[in-house]
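One structure is given below, encoded as structure tokens.
Every chain is named by a letter (A, B, C, D and E) in the order it is written, and numbering of its residues begins at 1.
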Amino acid sequence: MTTTLTKRKPILEIKGLKQYFPVKRESLFQPRQEVKAVDDISFTLFEGETLSIVGESGCGKSTTGRAILQLDKPTEGTIKYNGVDLNSLSKKEMRKMRGDIQVIFQDPFASLNPRQTVRKILKEAMTIQKVVPPSQQEKRMRELLDYVGLPIISLDRLPHEFSGGQRQRIGIARALAVNPKIIICDEAVSALDVSIQAQILNLLKRLQKEFHLTYLFISHDLSVVRHISDRVMVMYLGKLVEVGSKHQLFQQPAHPYTKALLSAIPVADITTKSRERIILKGDVPSPLNPPSGCKFHTRCPLATELCKAELPPMIGNEGHFARCHYLQ
Amino acid sequence: MSKEVVLEVSNLKTHFSSKNGVTKAVDGIDFVLHESETLGIVGESGCGKSMTSLSILRLVPSPPGEIVDGTISLKGKNILQMSEKEMRHVRGNQISMIFQEPMTSLNPVIPVGEQIAEAIRVHQRLNKKEAWKKAVEMLELVGIPSPEKRAKQEPFQLSGGMRQRVMIAMALACNPEVLIADEPTTALDVTIQAQILKLMKDLQKKLNMGIIFITHDLGVVAELCDKVAVMYAGQIVEYSTAEQLFTNPKHPYTSGLMSSLPKLHEDQEELQTMKGNVPSPYDMPKGCRFSPRCPLATAQCHVEEPSLNTLDDGSQIRCFLYSQNIQQKGVEAE
Amino acid sequence: MAFYIFRRLLEVIPVVFGVTLVVFFIMQMVPGDPAVILAGEGASKEAINLLREELGLNRPLYVQYGDYIMNVFQGDFGTSLKSQQPVLQEVMARLPITIELAFYSTLITIVLGMTAGIISAVRPYSATDITVMIVALLGISLPSFWLGLLLMYVFSVQLQILPVAGWDSILHIILPALTLGVGGAAIVARMTRSSMLEVVRQDYIRTARAKGLKGIVIIYKHALRNALIPVITVVGLQFGALLGGTVLIESVFAINGLGRMIIDSIRMRDLPMVQGGVLIASLVFVFVNLFVDILYRFFNKRIELN
Amino acid sequence: STSNTSNETAANESSSEKKGGILKVVRLSDATNLDPHFITDIPSANVLYQKVYETLVTFNKEMEIVPGLAKSWEQPDETTWVFTLNEGITFHDGSKFNAEAVKKTFERLLEPNTGSPQRDKLSMIKEVNVLDEYKVELKLSAPYAPLLSILASNEGSILSPKSLEENPDTLSKHPVGTGPFKFESWKSGESITLIKYDKYWGEKPNIDGIEFSVVPEEATRLAMIETGEAHITDQVPVTEIERIESSDTINLYRTEGLAVEYVGFNTQKAPFDNVKVRQAISSAIEREAIIKGIYNGVGTLANSAMSPKVFGYSKNIKPYEYDPNKAKQLLKEAGFEDGLELTLITSDRKERINMAEVIQSQLKGIGVKVDIQVLEYGAYIEAVDSGEQDMFIGGWGNATGDGDYNQYNLFHSSSHGSPGNHFFYTNEKVDKLIEQARKETNPEVRKQLYEEAMTIEMEEAVYIPIRNYEHLAVYNNDVKNFWLNAVNYLMVNEATIE
Amino acid sequence: MTSELKVEEIQPALTESKTSLFRERMKQFWESFSKNKAAVLGGAIVLIYILVAFFAPLLASYDPYEIDLTNKLQPPSMEHWMGTDDKGRDILARILYGSRLSMGVGFAAVTFGAFFGIIMGLVAGYYGGWLDTIISRILDVMLAFPGILLALAIISALGPSLINVMIAVGVFSIPLFARVVRGSMLETKKLEYIDAIRSLGANDATIIFKHILPNILSPIIIQGTLRLATAILSAAGLSFLGLGAQPPSPEWGTMLSNGRDFLFSAPYMAIFPGLAISILVLGFNLFGDGLRDALDPRLKS
């Protein structure tokens, strides 16, 4: 396992990424408050792999994605793509670079221009990044629609004429249109029904193989994550709590939060209805006012005074690391 | 079941008309919902799940959409014939809805707490302060940390999952008799999802609430639903109890769905998929709408449209494979 | 926020420079010599030269401007060439009147304009909508002095229930404020209507309906706030324009406002007065727009300040 | 109601002796300055003239010079004038009126450092000597016939010596004189209030005070008179006179003025350096149509650049008859057979724009194409002063009522440009005649000289006389016994309010 | 990745369908536009005005410049449908001829103002920061600047001419457009689909003009159509400065303000030019609304 990992070429390196959002103060005299949406995370994405980010809602997954895309300027930290610091790029270079890193957004309703037909949306993507000569565009568009399972007639329809899942597929087609190297899939398949989801997942896998694509896959659906990922990263309250290969993580979860997550997966199997579950206690802490020490201590069944006082470091081996004082 | 019927939908048809023709988004749907019962609706994206639920609240965008036929009766009263004022009383109070798209369904410029409190105030005699308190409680209930602070924030300041939980809190705030949840947990992580599902179950027990749960997460369906309607291209193709569905899926589409699921405990290189695509709404295939994609389709399937037949075990299937054991019973199978 | 406001206020300094510089050079460029105009009919060239010297107009331009701007930053806006009175005093005598008039007019603009816009938007393309729209359009193509004279004729001369002109009591304010308010109301009405029409199609309006809210609540609370950005902009523009003074209406109702002062001073080529008037008007504009920007942010938190 | 003819006081003489009340006057513009030595406009002077300030001599309704602060005067030689002053007069600030006060006033005016724009008018005064407490002597550098008329004008106002000494700068906003009214307050841009001066030496006015308010809009001023919000307004739109005359509640007062309006030629610029062209244009304009059509009959047809009320007027000057054929003929002679294109500039006064349009249309008849250029006041002044104009519509107000102030400024070759000779007219003979008239003491001879000069000017067609001004005022039934003098100053000493 | 994947045969009628689809869209646009009665009415009004401007000499039965003082202030009659003005000229003839001038000035000024205003507003709103600061403050100054002074400056710099009047009035309009555009831009640029197009690497121009501008068109259309009226009126206000149409040009705004002296004695002197302006503006507003609705996909069908 170790050997394969080291051999791989890092394509995206994130170091010490922080993204804080200011929060409105109630009065002038209150101290300045911030949401630490992403609080000092570092990880490396290797070429050709799928790295998933899971974690509870609001833990900073989308924010991480947006920071990588340079949609919001990160508060701190560097993002290197193929060794180049994205921050150091000129506007023009950055624009070119964007073709390599694509995104499929969580919310398909908001991410399509209501005035553009599908044809325009796709065509524009191809034209901007100049990936397909105009004469080939029409053919390519049909291909793309076919990949994502939309009828050809969709080309001349407008986003509001589609259902949620259909819109998501338009978003996927748009991302694929520019032949990216990395795709950040922010809940890209959450809105899809299973049959399409299966198609899309297969498609993503196939594309990955054929074109050596790299995915940063953000999802809650752990079965999907398990299916698609090579490695999985677990986030909690803006911090990384566990990272490891799919097998390491699903078979020997180290962090108590990961364990709880795994046990909560709903299973499409009526017989296992009364399965043993780790039900987390305590309130979900707020990123506005995160707990001291280990961020998870308020809900952790194993928490001790130590956890309250000290932030545990990432420890582990063979590419499997977790942030807990009490790793077995 | 001896429980009272709260909502009965029969032959509901909602069509969209446009230059290119008529989209039959919902094309003759029947189902009943009892109190304390959860009905799951699953199906291909675009098959009309959301439109069915919007039709129940009479919120289909019109024009171009229109409910062209059918009845929807809430405790015996036909919603489609209610005055706008009566309808206001129904909405948010007797039937409330969690919308699929949390970003655009929340007013971008009003603090989320206010949006919940407002729903409470129209239907309950509470003053501003009390309603606000209740709203904050609701946010807490759906697992939003620091609810007092979050209540004062506006939707864009919340993450996708939080927004969805706000929607849920809003829908549950008035203790409705019927809750329509349109993919309420898609954006939630599993621990929160579990929490929410538990909350819904608890509330259901307490209030005898009937729930229509639209999702494509079959895991959630298995966990939560009593009955399931599987929709395909505007029609119900299979309607049965959850147990029957998961132990013995009958319609080829249903079994196709089941097999498309990624497995949690085994590695698959490729997921199983159904061939082909959802038919274009303007260009419905002749005969059975699923026939072009059906691995078991026969010649008959391509010309003749099957009807919804009730089987011995009470489930209803729209497929010629099962038409041999047609039983002329009512829709009610229990 | 406090910092933001502070920073915006600092921007006043370049505005002062910009305004004074532009006014100064335009006034130099424009034909018409203040000394000649002030000297009056039949003045000899010597007399004019003497006057020019007296007024300091024969100093090099950069000296004139430099002196002026130095004095401005010390709070001295110079003295009027014409009346020899301190400019600041003259401006300040008129500013409160102008602000009061602008305030009431804008109030009328908002009330009339938004109401009409909302009524139109609730039933687009209905008879009411079309009527409201036509009235609004007549309102905007009817020059304000006309409306003013008409109102004066009806209410003051015929009915004798309001005073003709002057600025002593609230009664005096009614007609001019109404006249000015109606003009602005037309554009506000049109903006409100169209902006509302965009908003009522949004999903969150559906959500509001699903909650069982009354139509009127949906309109006022959910739709209006989202529709407000372009409306606030035009109201701000309107208010600002009124603060710069409205020569015609000030003339019709004999209101001693900033607008008339500036125009009279331009005609007399009374540079310090023009400078002072325009400067104050621009400062007021800077404040109004700061306020508008804060309002944007108030109504839509997504909008970032700075 | 019916209008008064000129020189009659308004309404009936048998004033029912109602005393008191504040007279409310509404007018177009505010004063700009209240120091007579710096005043160059009528709205400012009108506030003060014979109300706050008085002059040594003054005009009566017939524009004749009569005693004022000076009881009598004599002229021991051509360049010496001695005035005997009235006694027992005090200024509003309590200081005494005497020869010293007169001396201080004129010395301030004549001091170049004062920078008075009016200095020119009296610069011929070499020295002012106090002969005794109530006798003052003016020594002139040369004989100067128009002196009395200037002393009778606003520039001749006698200022409080105390103010002059202590704080002359405040005079611009706080005048102190000897008149029947003392200054009360000035709200810049809004109103000026005067109140009755109890220790006034002469006949005390009936009213308690005057309030001059600024109301720029004509229609508003009329409405205020109609509703009784004000008593008198002076500038009145000529288009409204029928309505006013037929009204029961408001009345029109008309009186002949000192000013004239004319169309001027730039005599130094081609083609107007050619007298034939000027004559041709002069013959092509039908002036009666303008008086009637544009001015609605307000004012009279002018025959020269001098109004009948001005000293030196002559009715013997005959302007060119309207004769388009002759005009065409003259043009042909001048070499403009195929017509001519020229620019007519005018200031933005409504009536003048209208006049320009009519002239344009009339000249079209003889094949002259006129471009009208309307200019804002300042730009207009600059244009006519600079001599770039072809043809312009101009006017000459005459605040002193003497022909010198008319002829010297308008036609003397030393007055080119700003002093008033916008025709850039140069004629040695005319120069001589005007200079001579200035020194001539015999009024009849003076008149003769002016007539001669004006005849030449007319022969040379330097300008086309159009209209003698008529001043209008509208007042309501409450006010009686005021009058407007020929300069358009409101005279209220006998006025009463009901 | 184009060729490797198996795709069904591409339909042969590919290019043909493309052009016909464009035609289809145009047809749809026209259909939704023509369904809007008010918009069609507006379009018709505008068209009629343009025709009138074109054929004014044929339509007018009097010389609009012919002064006849004996015939002044005639109320409307069979002979003079709209009466005569204070110099005896036929008002109808003047309005007909004036349409060229007034519409020309109105259009040109609004176009000028809109062009620069929109660009300034877009740039300020989109980039924010110091660019916004600078542009916004310039706009503040422009708004506070007395129009007359600006006009005087323009004449003294460029000389008096009709074109310069358009520029002058256009310059007054710049801040009006700019501020409206900036406000809407601040709102729209935060939408997620803008992020989406940004992450595709679209350059700013594409984002601004293709994705944001169409979505903020409606306040621009309104500002533009309404500004037309004020532009015509303010052009009249400048003619006395020597800027713009000089007498006896039959410009509507000037006719209207000349009518002011006859408000009660000869109201027709002002009413007719006033109506001419109102109806034109009405036409444009209706047309603009229809245009906006037809361009809005969400309103389709």
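Just a few scattered comments:
Here, a contact is a pair of C-beta atoms (placed from the backbone, for glycine too) under 8 Å apart; a residue touches a chain by one contact, two chains touch by 3 or more.
Note that the structure is predicted; figures quoted are calculated from it, not measured.
Shared contact partners of subunit D and subunit E comprise C. Chain centres here are means of the Cα atoms, and by that rule the chain farthest away from subunit C is B. Note: centroid distance subunit A to subunit D, computed from Cα atoms, is 88 Å. Averaged Cα coordinates give subunit C a centre that lies 38 Å from the centre of subunit D. As a whole-number value, the distance joining the C-alpha centres of subunit A and subunit E reads 48 Å. The centroid of the Cα atoms in subunit B and the matching centroid in subunit C are 55 Å apart. Among the residues of subunit B, those touching two or more other chains are numbered 18, 101, 103-104, 156-157.
For subunit A, the set of residues touching two or more other chains reads 24, 107, 109-110. In subunit D, 219, 376, 379 are the positions where the chain touches two or more neighbouring chains simultaneously. Those residues of subunit E lying in contact with subunit D across their complex are 65-67, 69, 72, 86-87, 148, 152, 160, 239-242, 246-248, 260-265. Against subunit E, in their complex, subunit A makes its touches with residues 66, 69, 71, 94-99, 101-103, 105, 107, 110-116, 119, 124-125, 128-129, 132, 136, 138-140, 142-143, 146-147, 152, 155-156, 158, 160, 171, 174, 178-179, 207, 210-211.
Those residues of subunit C that touch subunit B in the shared complex are 202-204, 206-214, 217, 221-222, 225-226, 299-302. The touching residues of subunit C, counted against subunit E in their complex, run 11, 14-15, 18-19, 22-23, 26-27, 29-31, 125, 130, 133-134, 137-138, 140-143, 145-146, 149-150, 153, 186-187, 190-191, 194-195, 198, 201, 229-230, 232-234, 236-237, 240-241, 244, 259, 262-263, 266, 274, 277-278, 281-282, 284-286, 289, 292, 296, 300, 302-304, 306. Partner subunit C is touched in their complex by these residues of subunit B: 57, 59, 61, 87-93, 96-97, 99, 101, 104-110, 118-119, 122-123, 154, 156-157, 167, 170.
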